[in-house]
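Across the two complexes that follow, chain A remains constant while its partner is chain B and subsequently chain C.
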Partner chain A sequence: MAAAARPLVSVQPLPASLNDMVTDHVTTVALPDVMKASIRPDIVNFVHSNISKNSRQPYAVSKKAGHQTSAESWGTGRAVSRIPRVSGGGTHRAGQGAFGNMCRGGRMFAPTKTWRRWHRKVNVNQKRYAVVSAIAASSIPSLVMARGHRVESVPEMPLVISDSAESIEKTSTAIKVLKEIGAYPDAEKAKDSQAIRPGKGKMRNRRYISRKGPLIVYGTEGAKLVKAFRNIPGVDVANVERLNLLKLAPGGHLGRFVIWTKSAIEKLDSIYGSFEKCSEKKQGYVLPRSKMVNADLARIINSDEVQSVVKPIKKEIKRASLKKNPLKNLNVMLKLNPYAKTARRMALLAEAERVKSKKEKLDKKRKPVSKEELAAAKAAGKAWYKTMISDSDYTEFENFTKWLGVSQ
Partner chain B sequence: MATVPGQLIWEMVKKNNSFLVKQFGRGTASLRFSKESNNLYNLNSYKHSGLANKKTVSIQAAGKDQAVVLATSKTKKQNKPAALFHKSVMKKEFRRMAKAVENQVEGNYYRPDLKKAALARLSAVHRSLKVAKSGVKKSKRQALKIRV
Partner chain C sequence: MQHDEVIWQVIRHNHCSFMAKITTGNFCRNPYNITGVCNRSSCPLANSRYATIRDHDGVFYLYMKTIERAHKPNELWERVKLPRNYEKALEIIDKHLMYWPKFLVHKAKQRLTKMTQMSIRMRKLALKTREKIMTTPRKEIKRESRREKKAETAAELDKSIEKELLERLNGGLYGDIHNILPKHFNKILDENELQAVSEDEEYEEEPEIEYVQGYDDLEEEDDIEDFGGFAIDESLKNNDDAHEDEEGMDSVDGKRVKRRSESAHQKMEEDERRKSKKKAKVLVEVEHEDASERQRATF
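Let's turn to the complex of A and B:
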């Protein structure tokens, strides 16, 4: 279920000059499963914003404020507004408005009450999820750097130092240790960043601000290192059994730089369990499952299993072609209706025929008629006249002989 | 450490990280820059990000003049920040340096998509070093100052 076999984290040894104990040679610890848990900035943000409300102290306005007058409204008819006014006389205060949020010296709108819901309840499982996420995020250098810690010279993430650190008593040795393991730049950053807070917080007991440095997590109860490290600016100390989300993800942002001692890291497994095994300290608690066990999209996409089933890339892009009108464009018409070609050809030929024959006719008509044809046409006309007369019945009547002219 | 994949880290880091610079661009600071050292364009984007990628390239000016540091990150040492970078100081003439950069970035298929960015940054850094060395020159065409 866990993504891979548990890799080993080497424990940074502390130089023997700092303490009398024998330095252990470089040992390794298996990475606890907590560090592989899914990282959920949304959950961490939610839980953090709710948890940080829990240490608030109530504030409220005095409940009597603005009401310690016996003001009454003057009513209408006195050319003043109808706001209740302070009764009596002989002082500036007499006749001034009272009681309203708009009045000078009146009470505010919706006076703040102490019974406002200051604290928030968060589900235990969500709180645990958030802590687990924060621990996991602290082991990824990118996230820790993104949060702003100077970890470029840290030899390994997560940073584990040997247990001999737990018995450090002097702050000066503590600083030396930090320098040895490459954590000093971060602490230095915190020290350099101490400044006076801008704004009114200055006069409200929040005068100084600074960045956060490394968080040292130790395993054994009552370790001396608490006193040694706590005075270094920016450095926080915590026991593994009592890890605080507000320290692991300050500001709701994942990725605090955490320095573990060897016993602390070894305890993590028993405190949080693994993905399958229940935790020993938290009853019935199992590490949260991630939605995707292997979230490396690039590798999944390029893997053999996927690539062997995937169609090849379409390199040529089919673009929408311009629509052409088939009624105007012959080729497009032909694509739609091949017969159109012959039809059009026939039409053209027929048209040519028609034009030709009409032309011939007209030409013939326009051509001046020759004398023989003219004579022939006239003779034909006369002959026809004659036949018409002889055919008709009018020749029998004598009256008509005069204008019928040539008869028989 | 199971390498949390770059996509995941990018999703978490893109909106909010200590290197993010949201200053210029009209309106609501729409240009996002990134101050990480191994970001070639200094742009806050997945491709260029030094945080979200396993293989990154960085080109910075080294302390001595005219020297440029080319650093590539090693893929196998992701969780050892001290040993993460493969640094090499280059002090050759520009063409040779460009060739070296190109080989490192594209020649051995390290990050071929960053080749142009790397070369561009090299030129920019190199030029700035030259200017720093010879002092910022005032243009001869500077407008006449009107003295009262």
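Let's turn to the complex of A and C:
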């Protein structure tokens, strides 16, 4: 997010009665770029689940377990199963099955080994990405509340307190400070939630469980506030230069409530760098760029810049219709060729005419001829013959002879 | 930064502490949620511009949050008190949410309607007397009934009633009527009759005519002393018996004492009668034997 002026975070002053800082009027710090990094819960989950495996202690069963017998199978023919049985006699144990995972007193299936791969390697960049994401998520009040922290009475997120807090020595003053800045309800919640763990963990040195309270991050090395705050139930303390993902996103869930001191937040810029500038402490490391700088898709679409160039919505959607053959379908043919109607009409009429005339002719022919017609036909035949045999009936014979040059 | 879409993706698909999944759907426990459902448009965390109606001590407030205050959780929610009048409250909502998305305006009015209806119904129900369901603590009830039974047997009501009534009888409350309570009256009579029967066994007789010779025999060498002595002994005997009776009576309860004393009276009279008879008996020894024979005959 290339903001021209970075937003300012105000530093919460601590009451003058606690310390001698009289000039504790409200100062501001620019928001470090880390807090604007992209929030990737998937990366945080992956890194967290792998990193939490790194503090495991190996466990295994004894490698001799189940094999400390000299058992031999009795083989076939004895009306017993072929499992190896304990040799010897005079005791219950003799003849009992041994060695198998199904036998009483046998070794388990696939005995656990100490050379199991207990630790996981995670890429440095991924680890850094996860931490950066967790820091960014801690500055969003919604995510912190969703994780379960009681931050309703906190004056500002991210919560920054003045450096005079780093010289607090007594836990009682520490609690007073927490109450002043509105972080006490969260610590109280953690204290009230202390309970005995249900299950076998009780007897495996994990007897008590409780919720997590705020995480205090300080900037200067060797600050006294570590000792003051560490005994408050639920409260964790961390140095900025050594931030632990397991503390920033407990359980793999983003959004721990973090209280920064002024020097801590000022150091964040130099530790993690910005989106363009390399970090000073981590060589060559630049904050990860997100796929979308502005992830609010709905807002982008509804913005003026986009809406002004967007085509209007098609309310009527035309769908592809079924193709009909014009040669078979008259209406479709007419859409293409309107004359086809008259042409077809003419054709039909002509056809009808033809049919009619043919019928008449045939009827006439098939009808027996009457006497007058017969006489008329005969006479016409005779007259024709006469014309055929007379060649002087030709009217323009004279012209014709002239032309021909033939004299008669 | 504060991108609603990003926040919603993280909340919905990863983890939200306010979401409650039940068989019918996903619900939101957040007190500021307007519908109570876990939804993209109803999530108060994933919408930077949001409004709700909340009820505080019967007064309705319109809560609004805007993106300008999103980084200050302390001052996030702006509160407007709604008037009691339903129509006026709707107008106020319209005024404050004038250019807001239609969804929020509609839901806010819906919520206000529902809440007013609920409050009306609650007030109506409060006026009606409703039967209160009490629990029966079985243990206590059983324990009390057991103790009651024991106390009843320990009290011995029959005896105390008897005592009281006897006292009353002695006190003359019932005058001369002795058989007020027939059961007890018969019981006492039975007891006393037994004694009377035993006495009868000792002294058996019915007054019978005895034919006695003249006392000419007395002139025979019989000392009067002897007869008199004999008679005196007999009378003494009787007196002893009488005394015994009296002692026996004293040891028993008051009621019976009274009866016994009375019956004793009667007995005394009877004894006197018998004494006289005995005297007659003594003189003639033979009659005793006859008497015993008679006794056997009666048996």
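Just so it is clear, the second predicted complex is superposed on the first by the 306 of 408 C-alpha atoms of A that agree within 3 Å, B and C clash if a C-alpha of one lies under 4 Å from a C-alpha of the other, contacts with A are read in each partner's own complex, and residues count from 1 in each chain.
Here is the rule we use: a contact is a pair of C-beta atoms (placed from the backbone, for glycine too) under 8 Å apart; a residue touches a chain by one contact, two chains touch by 3 or more.
Keep in mind the model is a prediction, meaning the values are calculated, not measured.
Chain B and chain C, once both complexes are superposed via chain A, clash.
Of the two partner chains, neither chain B nor chain C is touched by A:A79. Looking at the shared chain after the overlay, A:V310 reaches neither chain B nor chain C. Judged by the touch definition given at the top, the superposed model places A:D296 against both chain B and chain C. In the superposed model, A:A320 lies in contact with neither chain B nor chain C. When the two structures are aligned on the shared chain, A:S142 is found in touch with chain B and with chain C.
When the two complexes are laid over each other on chain A, chain A has residues 36, 39, 41, 140-143, 145-148, 151-157, 182, 253-254, 295-298 in contact with both chain B and chain C.
On chain C, the positions that touch chain A within their shared complex are 1-7, 9-11, 13-18, 45-46, 70-76.
For chain A in complex with chain C, the touching residues are 1, 36, 39, 41, 45, 137, 140-143, 145-148, 151-157, 182, 253-255, 294-298. Touching chain A in their complex are the following residues of chain B: 1-9, 12-13, 16-19, 36, 51-52, 78-84. By the touch criterion given at the top, residues 3-4, 7, 31, 35-36, 39, 41, 139-143, 145-148, 151-158, 182, 253-254, 295-299 of chain A touch chain B in their complex.
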